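Reading through the C-alpha cells given below for one structure.
Chains here go by letter, A, B and C, matching the order in which they are written, and residues are numbered from 1 within each.
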Amino acid sequence: MGRYFRDVWEGIVTVLIGMKVTWRHLFTPAVTIQYPDVKLKLPERARNRLYVNMDDCIGCDQCAMACPVDCITIETIKSTPDVDLGLTSVGTKKRLYVPVFDIDIAKCCYCALCVYPCPTECIKMTDVYEFSEYNRENLIYNFATMTAAEAEQAKARLAAYDKEQAAKKAAAAAAAAAVKPAPTPAPSPNPDSKT
Amino acid sequence: MKEFLVSLLQNEILVYSIMALVPLVWVIPFALFAVWWERKISAHMQDRLGPMRTGGWHGWSQTIADILKLIQKEDIIPTAADKKLFMLAPYVVFTGSYAAYAAIPFSAAYVGSEINIGLFYIIAISSLVVIGLLMAGWASNNKWSLFGAMRSAAQVISYEIPVALALLAVVMVAGTFDLHQINQAQEGGILHWYIFRNPFLLPAFVIYFVASLAETNRTPFDIPEAESELVGGYHTEYGGMRFAILFLSEYANMFAVSSIAATLFFGGWTSPFGEALSGPWWGLFWFLGKGMAFIFVQMWLRWTLPRLRVDQLMYVGWKVLIPFAFVVVLGVGFWVMVIG
Amino acid sequence: MQETMTSPAGVPGFGRALKTEEMVLNMGPQHPSTHGVLRLEVVVDGEIVVDVVPHIGYLHRCFEKHCEHMTNYQQVIPYADRMDYVAAMSNELGYVVAAERMLKIKVPERVEYIRVIMAEFSRIVSHLIAIGTYGMDIGAFTPFLYCMRDRERVLDIFEQTCGARLLYNYMWIGGLSHDVSPDFADKVKSFCKYFRPTIKELNDLLSYNKIFIRRTANVGVLPREVALNYAVSGPVLRGSGVKWDLRKNDSYSVYDKLDFEIPIGAGKKGTVGDCWDRYMVRIHEMEQSVNIIEQAVDKLPTGDVQAALPKRIRPDAGETYARTETPKGELGYYIVSDGSATPFRIKVKSPCFVNLSALPAISRGAMIADLVAILGSIDIVLGEVDR
C-alpha cells in the first residue's frame, strides 16, 4: 500500500522535474545554424573534396596505389630527352606526361591516404563539401590538362624515340659483331651422355 | 449575440445554423496555428529553431503550405476497405470533437446553446469520437489499424470515467450543469475561481487534466499514434485531406478539453482582476488565453515525457486516477456539506 | 464423430477450447526502432512474444574479404572505421593494438595517451547515441536532441584533430596521422567541464523519470549465467552484475596507469540485468570516461607521434589475436599473416553480433512494446553486426 502511494508521488515529482528541464531549455538559444544562409567555418585540417595541382604532379602513381578503394586512375607517358617538362614547385624534375588523372569522387572514402605519400604534395583535401551533381558521370573529376591530341603527339614521339633507340642499339650490336672474330663452332653433343 | 442575430434575420433556424458555425471561425485557424506552434515549441525545447523559411518570419505559413500540399495529394482508398465507413470516419471524429463547442461559453455574450445540462452534454457527445476511431480502424481493412483503433478505443473509454468524476466534483460545488452559469459564478477576480475555492478541486483539476491527455491521445498516452511500434495506428491508411481532417479534429479536441478545464476550474471568460479588463471582448480574450495556456502545457508534456505501455496506461487510468477521483468526489461533497 | 476438445487445463467436456493462432510479425528491415537494417521475425501470441528470430546480413560489406586484397596493412584502417561507424576510434584502436602486437612495435607514450583520450571520447559519443535513440524508442523525443548537441562538440574536437567528423583514419600502425592541435588540452578540458552537468540534466529528464523506469525496469532481464553462456560483453554483461572490463581485466595501452571505476548493474530500480541497469551502466560509463580523459590530458607527455611509424609493414608469418573494450563490448581482431605486405586473413569478433544473439533468450514472454525496449538496451550497430 505504501509502495502504491510512493509510486504515485514519484511519478508526479519526476514528471515535474522533467518539465523543469524542458522549460529551462525553452529559453536557451538554439544551437543550430541556418544553413545555407549561415555556414560554419571548417578547421584547416578538414578533409573534404580532393584537389590535384597538376603542375606539381610527377606521375609517380603513389596516390593511386595508396587508395584503398581504387578511385584514382592515372596513365603516364614517358617523355623523350628532347622535351623539358620543367620542375615542380619543390624542385623535382618532371619526367612523365600525365594525360589521364581521374578521381572518381563518388568512390572516394575521404581517408586521405593518397595525400601522405605524394612526394610533391600536389594532391590535397580541400574544405569544399558542397559538390553534389545531378549526373553521376560528373562526379568523375578529370584533373589532367593534356588534350587527347597532345597525348597522341606525346605517344607518337615516344614511339618514334623508342624506334630510334632500338635502331641505334641494333646498329651498335651489328657494328660490335663485325669487329669480333667468327665464333668457334659449338661442340657436338656427346651421344653417350644420356642419364 | 443570439438576440442580435434574431432581430437581424428573423429566421430562427438560420440563426441557429450561424451560431453553430461560429466556433469554426476559431477552430480552423487555431488548428493551423497550433500545428506551427507545436513545431516551434518542440524545436525550442530541443535547442533548435523549427520552421524558419516558409513565409519569412519564423516560418509562420508552414502549416498553410502543408495543407495546400495535402489537398493536392492523391486520394487513396484501399481496395478491400469498407468505402462508406472509410470516408465517413474522419467526419464522425471531427463531429464528436466539434459538437462539444456548442455548450462552451466563449464569452459572456456568446454561447452556442444555452442548455442547462451543458456539462452532461459535453461528456456524452465527446464519446462520439470513439465511434469514429473504431470506424477508421475497421474500415481500413488493415490488421494494424484495427489493433491501434481498438487500443485507442479502450484508452478513451477507460479515461472517460475519471473525467466524469472530476467534473462531477465541480458540479457539486457549482450546483448546476450549465457552463454559462458556472462561469458567471466565478466572476469577481482570481480568488473566486473554483480551483481556489475548494481544496479538493485542485486534485480534481489534476485528475481531469491527466485524463483529458488520454482522451485526446497525447503523450504520455499516445500509444495509438506511436509510429515506432505499430506503424501508424488507426490513421495508417489515411492520406491527403482525410488525414488533415483527422489531424484537425485532434487539435479541435485538444482545445475543447483545454477550454473546459479553463471554464470549470479557472474562471473561463472572467477576468482575474475582477471588474477591471472585463466585458464581452475582454472575456473572449481571457477565455482564449486560458485555453491556449493549457494547450501549451499539453505540448510541454508531450515533448518531455516518454510513452506509457498499453497495460500501464490502463493501470494508471483504472487503478490510480479512478480511486483518487472517488476520494476527491467524497472530499468535495464533505466540504460543500460541512463548510459550504 | 463428435470432437471433444478440451480446455488447456485438461478438463474434459469443457466445450470447444479457445483456438488461438500465433501470428508472425515482421519488424524491419526498415523500421524506426531497429537501429539499422535488421529484420526481426517475431512470433506473437496476441501481445506476448513467443519467439524472436533476428535476420542479419543486410549491411554485409565484405570487410574481411577486402582486407585480403589490400596493398598494405595501413589501408585496412579506413575499412575498420566503417564497422562500428558510431564509435570509429575504438575500432581503429583495436586494430592497431593487434597489428602492433604482431609487428612488436612500441609506440611513444604520447601516442598511447592520445589514443586513450580518443577512445574514451568515442565511448562517450557511442553511449550518447545509444541513450538518445533509446529515449526515442520509448517515446521521449527531447533527450535525443540533447545527446546530439553534446555529440557535436566532441565531433568538433575530432574534426580539429584529424579533419574528419565521423570516420577518421587517425590511428596508424605505429603512431597517429596528425599530432593534436595546440589548443587541444583547453578544448578537452572545457568539454569535460561542460559535459558533467549535461549528464545530470539527462538523468533528470530521462533516467529517473517514473514512466521511463516503468518501461525499462524488470524488462528483458538477462541473468548472470545466461549472459556468461552467451558470451555477451560490454555494458550488456556489466548490466547483469558481472564486473568484467577489458580495460582492467586484460589491460592494454596505458589504461593501467589511469584511475577509473567499472560500473555494474545493481538492480536498483528492478531486477539485476534489466534494461534500466544496462542503460544506467552506459550513463555511469560516460561519467567515468570523462574522468579518464581529464587524467590523460593532464598526464599527456611530449613527444613525436610519428616517431615509430614503420617504413614498410611486413610482419613475420604467424597469427595474433588482440581484444579491446569498445563501447559495445569486446572487439577482437584475429590477424593471420603469411609474411607478405598484404594480410592473409583478418577476422573480427564483433561484440554487437554476439550481444544480438542473446536477444531471443531475453525477450520470450515480453510484449511487443517491450521488445523495442530490449533491442534498444542491447545497443546494436548493424555495421558491426554484419561487417
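Please note the rule applied: contacts are C-beta pairs under 8 Å (C-beta built on N, C-alpha and C of every residue); 3 or more make two chains touch, one makes a residue touch a chain.
Just so we're clear, the structure is a prediction, and the values are computed from it rather than from any experiment.
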{"item": "Which of A-B and B-C has more C-beta pairs touching across its chains", "value": "B-C"}
{"item": "Centroid-based (C-alpha) most distant chain relative to chain A", "value": "B"}
{"item": "Chain A and chain C, separation of their C-alpha mean positions in angstrom", "value": "33"}
{"item": "Centre-of-Cα separation between chain B and chain A, whole angstrom", "value": "63"}
{"item": "Length of the line joining the C-alpha centres of chain B and chain C, rounded to whole Å", "value": "44"}
{"item": "Multi-chain contact sites of chain B, meaning residues that touch two or more partners", "value": "45-48, 303-305"}
{"item": "Residue list for chain A, restricted to those that touch at least two other chains", "value": "15, 18, 21-22, 25, 31"}
{"item": "For chain C, residues that touch 2 or more chains besides their own", "value": "142, 146, 149, 205-206, 209, 211"}
{"item": "Chain C - residues contacting chain A, complex", "value": "70-71, 74-79, 82, 142, 146, 149, 152, 159-164, 167, 169, 177-178, 181, 201, 204-206, 208-211"}
{"item": "Contact set on chain B toward chain C in their complex", "value": "42, 45-48, 219-220, 222, 226-229, 303-312"}
{"item": "Of chain B, residues touching chain A in the complex", "value": "41, 43-49, 52, 300-301, 303-305, 320"}
{"item": "Footprint of chain B on chain C - complex, ascending", "value": "32-33, 47, 135-142, 145-146, 149, 205-206, 209, 211-212, 214-215, 367-370, 372"}
{"item": "Chain A residues touching chain B - in the complex, by the definition given at the top", "value": "8, 15, 18-19, 21-23, 25-26, 28-32, 34"}
